[in-house]
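Chain IDs A, B, C and D follow the sequence of writing; residue 1 opens each chain.
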Amino acid sequence: MSRVAELLARERPRPAFDILRAAHAELLVTDLDAAEEFYVERLGLVATARLGRALYLRGWEEHLHHSLVLRQAAEPAVGHIAFRVREDADLTALGKAFAALGCDWRWEEGERGQGPGLRVLDPFGFPLEFFREMDVVEPLTQAFHLQRGAPVMRFDHVNLHVTNVERALEHWLDLGFRCSEYISTDAPEERVTGAWALRKSTVHDLALTAGRGPRLHHVGLYVAEPLGVIRACDQLASAGLAGCIERGPGRHGVSNAFFVYLRDPDGHRVELYACDYYTGDPDRPPIRWSTTDPSCRSFWGARAPDSWYEESSTLLDLDGRPVPVADADVEERSHLMA
Amino acid sequence: MSRVAELLARERPRPAFDILRAAHAELLVTDLDAAEEFYVERLGLVATARLGRALYLRGWEEHLHHSLVLRQAAEPAVGHIAFRVREDADLTALGKAFAALGCDWRWEEGERGQGPGLRVLDPFGFPLEFFREMDVVEPLTQAFHLQRGAPVMRFDHVNLHVTNVERALEHWLDLGFRCSEYISTDAPEERVTGAWALRKSTVHDLALTAGRGPRLHHVGLYVAEPLGVIRACDQLASAGLAGCIERGPGRHGVSNAFFVYLRDPDGHRVELYACDYYTGDPDRPPIRWSTTDPSCRSFWGARAPDSWYEESSTLLDLDGRPVPVADADVEERSHLMA
Amino acid sequence: MSRVAELLARERPRPAFDILRAAHAELLVTDLDAAEEFYVERLGLVATARLGRALYLRGWEEHLHHSLVLRQAAEPAVGHIAFRVREDADLTALGKAFAALGCDWRWEEGERGQGPGLRVLDPFGFPLEFFREMDVVEPLTQAFHLQRGAPVMRFDHVNLHVTNVERALEHWLDLGFRCSEYISTDAPEERVTGAWALRKSTVHDLALTAGRGPRLHHVGLYVAEPLGVIRACDQLASAGLAGCIERGPGRHGVSNAFFVYLRDPDGHRVELYACDYYTGDPDRPPIRWSTTDPSCRSFWGARAPDSWYEESSTLLDLDGRPVPVADADVEERSHLMA
Amino acid sequence: MSRVAELLARERPRPAFDILRAAHAELLVTDLDAAEEFYVERLGLVATARLGRALYLRGWEEHLHHSLVLRQAAEPAVGHIAFRVREDADLTALGKAFAALGCDWRWEEGERGQGPGLRVLDPFGFPLEFFREMDVVEPLTQAFHLQRGAPVMRFDHVNLHVTNVERALEHWLDLGFRCSEYISTDAPEERVTGAWALRKSTVHDLALTAGRGPRLHHVGLYVAEPLGVIRACDQLASAGLAGCIERGPGRHGVSNAFFVYLRDPDGHRVELYACDYYTGDPDRPPIRWSTTDPSCRSFWGARAPDSWYEESSTLLDLDGRPVPVADADVEERSHLMA
């Protein structure tokens, strides 16, 4: 068993808290009207509320108040990345766990439509929120005649740029996540350049990508079917927004998703993501992909553009200051090119 | 070679005119607002113009002013069924041909967006129009962000209830149509209960169905793909119009179309029709289906409801009076049931 | 809050075991070759093994040895319905729980590719199996060039005919299931005629349908997308098996699934099921549908055929004897028809 | 009216012959087994016959013996490109017309499953065949259970690399073709870098692309729907042939097609092509795209790779010698890049 396989197979104590899933992100944008046009008019997300400088969005099938918060700001950045927990007690337990790791934390009470959020700056520099309570709203799953844009059903995952995937992965495994797939350089060195980790029964709630970090690589939105991804591209292009299509559409090797990567008007990256598979059984073996196999990133062989590897959204710490970044210690592209 | 196969294979003189295709229908409706909601809001047809008591509609990819005219009236009925010709001279030649058959005819000059129309009451009682000139408008084929409802791309065909399919079919073959498929009872009697005839290179511009007639059984609208048919059903149902879905969705044996039959608020039947195949080569052999084979009407075996066989739209003659009807001399359902 | 809403909202103690999901069914068939043609050649399930009188099948994305066992027998019947648990200790705990309910149980060790199964005859007469261990095999998720038939990705659920849905539902809620949707007659009487209950994060692992029971109404297989359901129908029909299509394709109101119901050569009912939605958050409110609303069973309004309400597969008890059945005390169809 | 628009609008005498459509191509391949694996096993074309050194293929819905001939040879090349005519007399008339242009011609009688072919080397160096008679075979349109690979329904078009698009286009217009769309540099110079011309009622039977020529840029095969294109990519990739995917999938601005470009084992380019629109009405105005508009080639903005502009298949003249090539006098890419 390889070093990485051993890391993944290692028994870990069950955490004292139960994280349900990745739940939302707060993106700071410099032009809220332009962002609304992109996310609501073009992609078809549903606006639950627009209140002053914030816009609260959700997918068609979601029953909670929001899964994306866009907030007007002077510079584009990521305010926080949120995970939902099962019970209120999980929040206290998580607070203790992060405090034990020496992390900054505080309670956020003021977010619209939502109960108290535990905000932490995690050991890798990510501004996270854990919450349980959120207003329940009516899904639009079957309000077919009201649906516009692409069938964006729900928030699916976040992808994080980290300088060392293995260390970040261990941390998330300790929080109760399980690894579904990973990309690593070949033995003997075997360095992980990408890892997909889950709480809900899909391929991931969170992906870790080797790169200049900590930064948010993208948020992933689940689209009902591959044709929905194509429809999104067509509608963006006919509305004059073809320039926001960065990569794809295509098939991922990892996750089997049919995807497209978009850049919103502030450069935040959004993945529209269809297909996926069920991962709820704990013995489903993690799938390893070699960095020498181009099909891991693009099953049909097309290379991701450099921007996709290099560009990411800046994070803000709990005081609203940009989180400093550093280069990764391993480079996936050079292996893919080899 | 059977009697019917012989009828189809018989050499006929090339007509003195060139009919391009079935092009539009004029439906009289009792509530133009309700019809607009059905056709525009729900199905997604594009309104080129609404002028007083008439609404002019077209499909997303059409470059002509209209392919469906809805006109406010006291009773639901069919004003006329239109075919486009290649050249103006074709209209004169058609006028002569129908006059030679003893048919009433006149010129209609006043239709919005359209040049002169030759109106005839054909030998079987159908109010037909032949025209060449129509205003050219901008298609919405690639205005993806403006598209609403289902992807209804274009007017495809009309289906006519006739009391004797063979006689009507011979007439249309004489007009230059070719038969792509037909349903007949088994030998020795062999009676045709349905026939599909074409000018453009699809399975049909015109279908003939044995039944109480002459009446208009339905107009067929071409939808870009099977999922478009499903989307139409979903949107109709969520808007409270599930009751207008009469039959399907399903696969036709004849034509290989993926279809659904709807009834508009006045009971006019509309088929949404996807798939089809290319028929432009003159030697493509007509396909015969036996009335004893349930797959001809429904490839998956479901029976059409009685209403689908029995109900149809009343025709108006050139003076606006209802065209008298009679029963067919052969009954398809009893054979299908046998 | 209505009586049923109260029943669903009631706090229950967390069970001492963790059932992951509905996992497989054992169907007794009278002609294993015919069954193999239906399930493997036509539907596209993958045969992991055929051993003497048993055939072990799985969906394209499944990593376990089987999710359907077909076993040659003199009469069609259901051998057992299986649920997977998280840990071996869950089996012991379940054994105790069922023993406390006075149920027959025994250990089954001999099933191919699988560890020990706890077999019980539950209080309602259903032969259940709980198991943890099963051989891990290679999924075919991305072996696209080997895939045949329809994209049946995985076993999704079972639907059980029970004489009293409310009592059965309470039992399954006690086992840790949650109710996602239900159909009930209107107040004041409010009787439940259908309920959908889940462990994994989909609409259901198990549906309860009022009817002559206990019997197995159907097994549900998850298909990747609506077009996969259509492809299955086309392939069945062209292979001469249109007669096995009992109901649909169509859209369910409940669950939002795009479905078709098939009958295998022995009459066992199989649902091909696409779409669904995420249900993993514990506060997603159960959706109530009234029996007077035809859209609950068929969003587009078509009525289910009588056979769909009346026919079901016979269960065998732990000794292989048919489980006696009785009529339900409430009838959904009469309300739907009202 | 611009110079090019004037060229397109100009009245031309109706030709003395009636070309139905582009019908097939003969590709010389260096490894017939490898070609068979690619076209039959992977893409799903139907093999009508394999005879010694030649393989005759057709799409699922085609009723003629072949629409692609693969022939074993020492070097990859194009043997001929074939068009079907309506009547035998059209062949004689075409022979006269090409003789009048000073072109070499001869009769080819020996092709399997086919009547006499008029072979000409056209004024631009393309080895063409015109034929009328071909064996009629059974389509597989509804033999769903026998279909493998992607839904390649029929041969659609050829795309020719020519050094001067305008001159070639005029020639084809004289043969009775009509232009549906074109790409040109902006005024005042206005040079055409691409043109699409049709006989059947689709966007094209023949496209002309400015480039080193005369060469065959690609053959276009019509696929039933966008998902069919995606399925083809998935199946090629899982079978280890991802390297043959050259460009796409994506949406063309011109033609609205959803496409992918593949390279067969000998480098011949094949386009899988879905969507399209109806063009049978003679007054549908040609659509002009500017070379400065990147959406003409890729509606979503992705640039075609250089290989797509530069590489093409060598033609053989009537004596089997390679046709000499020259560079084009206008370069599209530099305008697109501007």
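The criterion applied here is as follows: a contact is a pair of C-beta atoms (placed from the backbone, for glycine too) under 8 Å apart; a residue touches a chain by one contact, two chains touch by 3 or more.
Keep in mind it's a predicted model, so treat the numbers as computed, not measured.
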item	value
Shortest contact path, chain B to chain C, counted in steps	1
Chain whose average C-alpha position is farthest from chain B's own	A
Cα superposition angle of chain B on its copy chain D, in degrees to the nearest 5	180
Chain centre separation (chain A, chain C; CA means) in Å	33
Gap in Å, rounded to a whole number, between the CA centres of chain D and chain C	50
Separation of chain A from chain D, taking each centre as the mean of its C-alpha atoms, in whole Å	43
Interface hub residues of chain D, defined as touching at least two other chains	142, 226-227, 234, 236-238, 299
Complex contact set, residues of chain A against chain D	226-227, 230, 233-234, 236-238, 242-243, 245, 249-251, 258, 294-295, 299-302
Chain D-facing residues of chain B, complex	20-21, 61, 63-64, 84, 86, 136, 139, 141-142, 153-154, 200-201, 224-226, 253, 256, 275, 277-278, 280-285, 299
Of all residues in chain D, those that touch chain C in their complex	41-42, 142-146, 227, 231, 234-239
